[in-house]
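Chain lettering (A, B and C) follows the sequence in which the chains are written, and residue indices restart at 1 in each chain.
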Amino acid sequence: MKLNELTIKQAKERLKKKQFSSVDLTNACLEQIMKKNKNLNVFITVCESLALENAKKADKLISVGQDLPLLGIPIALKDLFSTKGIETSAGSNVLKGYIPPYDATVVVKLKQAGAVILGKTNLDAWAHGSSGENSDFGPTKNPWNTNFVPGGSSSGSAVSVATGMSMASTGTDTGGSIRLPASFTNTVGLKPTYGRVSRNGIIAMASSLDSIGHFTKTAEDSALFLQVTAGKDEFDATTPSVEVPDYTKDLEKGVKGLKIGIPKEYFIKGLDKNIKEEVKKAFRFYESQGAEIIDISLPNTEYAIATYYIIQPAEVSSNLARYDGIRFGQDRRAFGEEAKRRIMLGTFTLSVGYYDAYYKKAMKVRTLILRDFEEAFKKVDAIITPVSPTMPWKIGERVDDPLAMYLSDVFAAPINLAGLPGLSVPIGFIDGLPVGIQILGPHFSENLLFRIAHAYETAHKWYERTPNE
Amino acid sequence: MLTKQRISGMRERLMNSRTIIGLEVHVELKTKRKMFCNCSADYFGHKPNTHTCPVCLGLPGALPVPNKQALEWCIAIGLALNCEIPLFSKFDRKNYFYPDLPKGYQISQYDQPFCLRGKIEVNGKKFGITRVHMEEDTGKLSHGKVENEDVSLIDFNRSGVPLVEIVTDPDFNNAIDVKAYLQKLQQIVRYLGVSDADMEKGQMRLEPNISISLDVNSTKLPNYKVEVKNINSFGFVEKAINFELKRQQEILEKGEKPVQETRGWDESKQKTVSQRLKEEANDYRYFPEPDIPPLRWTDNEIADIKEKMKGKMPEDKIKELINLEVSQSNAVLLVANMNKLDLFNELYSKTKFIKGGTPIPTANQISNYLINKVVEHQTIPQIMHSIQSSLTLSSVSNDELKEVIRKVLKNNPKIMQDYKAGKKSVIQFAIGQVMYIIRKKIDTEILKKLITDELK
Amino acid sequence: MKIDVKHVAKLANIPLKNDEVKKYENQLSQILEYIEKLTKVNTDNIKETSQTTGLENVTRDDVASPSLKQDEALSNTKSKHNSLFKVKAIFEE
């Protein structure tokens, strides 16, 4: 097995035992990047010399017995995360060449935890997209079949972990942008509770919806990573003082006695029947492990996309107002089509005469959606649903139909509206392309999600499969 | 068709027209930290763009976190203006594009401001305060030519500094009351210790909204208003308002309606000049600021803020002075000048240490001296000494002096003539005349001032 | 539901070419039609949710800390003069 095919947990153990060095591990990742990046278009910026320099530093610390949570582990960052001195483009020509004078809080934390930063990954520009096709630097390709999309907007980050270019990578999830690409690439993608991880320094898409998460091979790795990034931040007023628990503590507890809900609104006509079959298999597995599967209803699910596509573009239109080319970047002519669309849609729904009918109304329906989940969690501990109604589509297939693109968020977006955590876990392949489920829980229930995912993973090691592309 | 009859009829109506003025004042708070970031708020006079950070520069990814002190001080201002303080409040985004606005929106307050429905008494009249709210300041724009091209230049040091906006009901109808209101407001914020409110430094900015209604009998507001900006000193206030009123009246006399717009006072041209058309009023697309959770006060917190204000207000200071037997008019004048009040307090506290032999000035005597004299660049002991010397001079009241002065001027009309012709030396003659009548040793400085005042 | 794209683009400070206007008009109208769904939902007596954290009163004390250095603040602009950001003249009069 190649070094970069290990999990973080395995790599950490072996680094400690000095079976190899961080430089070895980093080189393995860099080699993979050199081999595959041109074809798959995963990285916008690769920091080769900086990464090796930091790997060397990590090795020194390891040699004196220092133990930091991610010491010597090479990771990638979605190019939405401000990195001091390193170009941060948001996947857009508007920010091409922009070099932030500061690090995002999460980047500071990851550095302090000893992680080695390999580079910045490709994404739909401004995180606007579900496929990776809206990047101004070309789409990232799905490594399982390069004719297909890897999902978005955190397309590069998902593929970097799927192909072993990095041991973990960061992402953002505003309407499914971690969970969808995770399910399309056979990786584990965590969208934490809104506010669990600081948004400071991460280029804002929709302020009340953006969740800062990450991709890993396994749920255990995901827990190790969240341990570093979670916590209240004095620079982000929307991070509550909720204690950061030990996220690996409950991993092995299993699912016996847990009540898992299946919402009937997620098993509608539009759901691909092969996906439905795979998801049902997963439910049968959990039942066999002692979980109770309970039918529940989330009645306002059908209004979630409409609600999301009013609130999100409204906040986007305001958050993107600062890009005027005066203090940094290019002027507004450099915006891509999707960005322009969303800015205009948002501006319209906030404008005089329309605010009440659209934005205010959407904020009220949001309350109803939140209540649906609150009611459901009184009956069940967790909820499991498919992540996407369809399998990954061919590159180019949906670019001319923005609405069709938006509808791919139908299972993912309600979770963002409610601010809940969601963990996307691989459950297999259909015609060579990956499929996943999302495990949902109440606010700040991430350990429960890791526990439920871990139970599945120990019996189905999908992460041991690697794409041939 | 405007017939002569119609025009003269209009003029008659205008004589009885209503002037409607509402005031928007922005006060810069003298906090240490800016409103939403950790930069120092003490930006004035520093090198450009040296007091910025990702937040106040509007860099990608930066987030706002409110300054607690600023919020408390805004409440204090609201309480000083007798406002209601709703316990629940929030920030909103005001979206518009301008180069000095780095985020493309200003964090302000829209429908749930910190303070509402207050009132203030000035010149014996009551004026309503519509609201008092918090917002952040913008960067500073300057204009010039670089390589033959007209450019605008931006310094973001001021961006993010806390501003309190105080809006009055459209209750004012003349420039004198407006000036008095401004002076009182300036005193209030200075005595609360929340702002230095120096107009020349932009720490207190006034924007009157002015319109005229021809319909005297109704209380309906006219269907237009003109906002006037760039009034940077108390001196300009009266001039700007009076100019604008005259300008609008002339337009109305022609049977036209003044354009709803923003105008700027141009001191060099001594007139208001059109700036930007207010049009249908910019669509600011206000919505609740998602990056800042709302604020909820408790009654105890508001009571604490009120408690801290006790004894600090100008009225309190005036009462204190009156208790020391300073005359009402002196007390008002002293309080109007914070520096002089500080001097008074220092001097007064020293009177108990005066050794036997030298005269002990009363509070009122100290106040008299400070009001009438220029005392900059003098030390406390120097001032005290001067006061004591002046006490050996006869104490004739200002009113008595004024009576004599008026008599002298009446009997000697040439004094007035010569003064108006520019012969300042005639004042010495007048002083001599007064002294001759009174036949007591009088402080010639005070006399000179009173005579000059009468001549003006 | 027809959107006045020219007006919205102006409000949003998005420069659009004439041939783009029609395209966006069609796309946005389609999207708005879908969004109209919400009008059917009964939201009587329902309060708006703008924050899912339930947080209130998050503030910081009045303590200043160092700012960016002048060259850092100006490091990403293409247009500056005497340490000021430079733009085409804004005429106020």
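Convention: a contact is a pair of C-beta atoms (placed from the backbone, for glycine too) under 8 Å apart; a residue touches a chain by one contact, two chains touch by 3 or more.
The shown structure was predicted, so the numbers you read here are calculated from the model rather than taken from an experiment.
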Problem set entry | Central chain (distance from its CA mean to the mean of all protein CA atoms) | C
Exercise. Which of the two pairs, A-B or A-C, is linked by more C-beta contacts?
Worked result: A-C
Exercise. Any idea how many Å lie between the Cα centroids of subunit B and subunit C?
Worked result: 35
For this session: Using mean C-alpha positions as chain centres, tell me how far subunit A is from subunit B in Å, no decimals.
Result: 54
Exercise. Measuring from the mean C-alpha position of subunit A to the mean C-alpha position of subunit C, what distance in angstrom results?
Worked result: 24
Problem set entry | Multi-partner residues of subunit C (at least 2 other chains) | 11, 13, 50-51, 53, 55, 58, 60, 68, 73, 85, 87
Problem set entry | In subunit B, residues with contacts to at least two other chains | 54, 57, 65-66, 97, 99, 104, 154, 156, 283, 285, 290, 292-293
Exercise. Among the residues of subunit A, which are close enough to touch at least two other chains?
Worked result: 98, 101-102, 208, 234, 237-238, 317, 321, 324, 326-328, 347, 351
Seminar exercise, completed: The subunit B residues in contact with subunit C across the complex are 31-34, 38-41, 47-54, 57, 65-71, 97-99, 104, 141-143, 146, 149-156, 264, 273-276, 283, 285, 288, 290, 292-296
For this session: Quick one: which bits of subunit B touch subunit A in the complex? Just the residue numbers, please.
Result: 54, 57-66, 93, 95, 97, 99, 102-105, 154, 156, 283, 285-287, 290-293
For this session: Under the touch definition given earlier, write down the residues of subunit A that touch subunit C in their complex.
Result: 97-99, 101-102, 194-195, 208, 234, 237-238, 240, 300, 302-303, 305-307, 309-310, 317, 321, 324-329, 332-333, 335, 340-341, 343-345, 347-348, 351, 357-358, 360-368, 370, 402-403, 406, 417-419, 443
Problem set entry | subunit A contact footprint on subunit C (complex, rising order) | 3, 5, 8-9, 11-16, 24, 27-28, 30-32, 34-39, 41, 43, 46-55, 58, 60, 68, 72-73, 75-79, 85, 87
Exercise. Within the complex, which stretch of subunit A touches subunit B?
Worked result: 81-82, 88, 90, 95, 98, 100-102, 104, 199-204, 207-208, 234-238, 314-315, 317-318, 320-324, 326-328, 347, 350-352, 355, 359
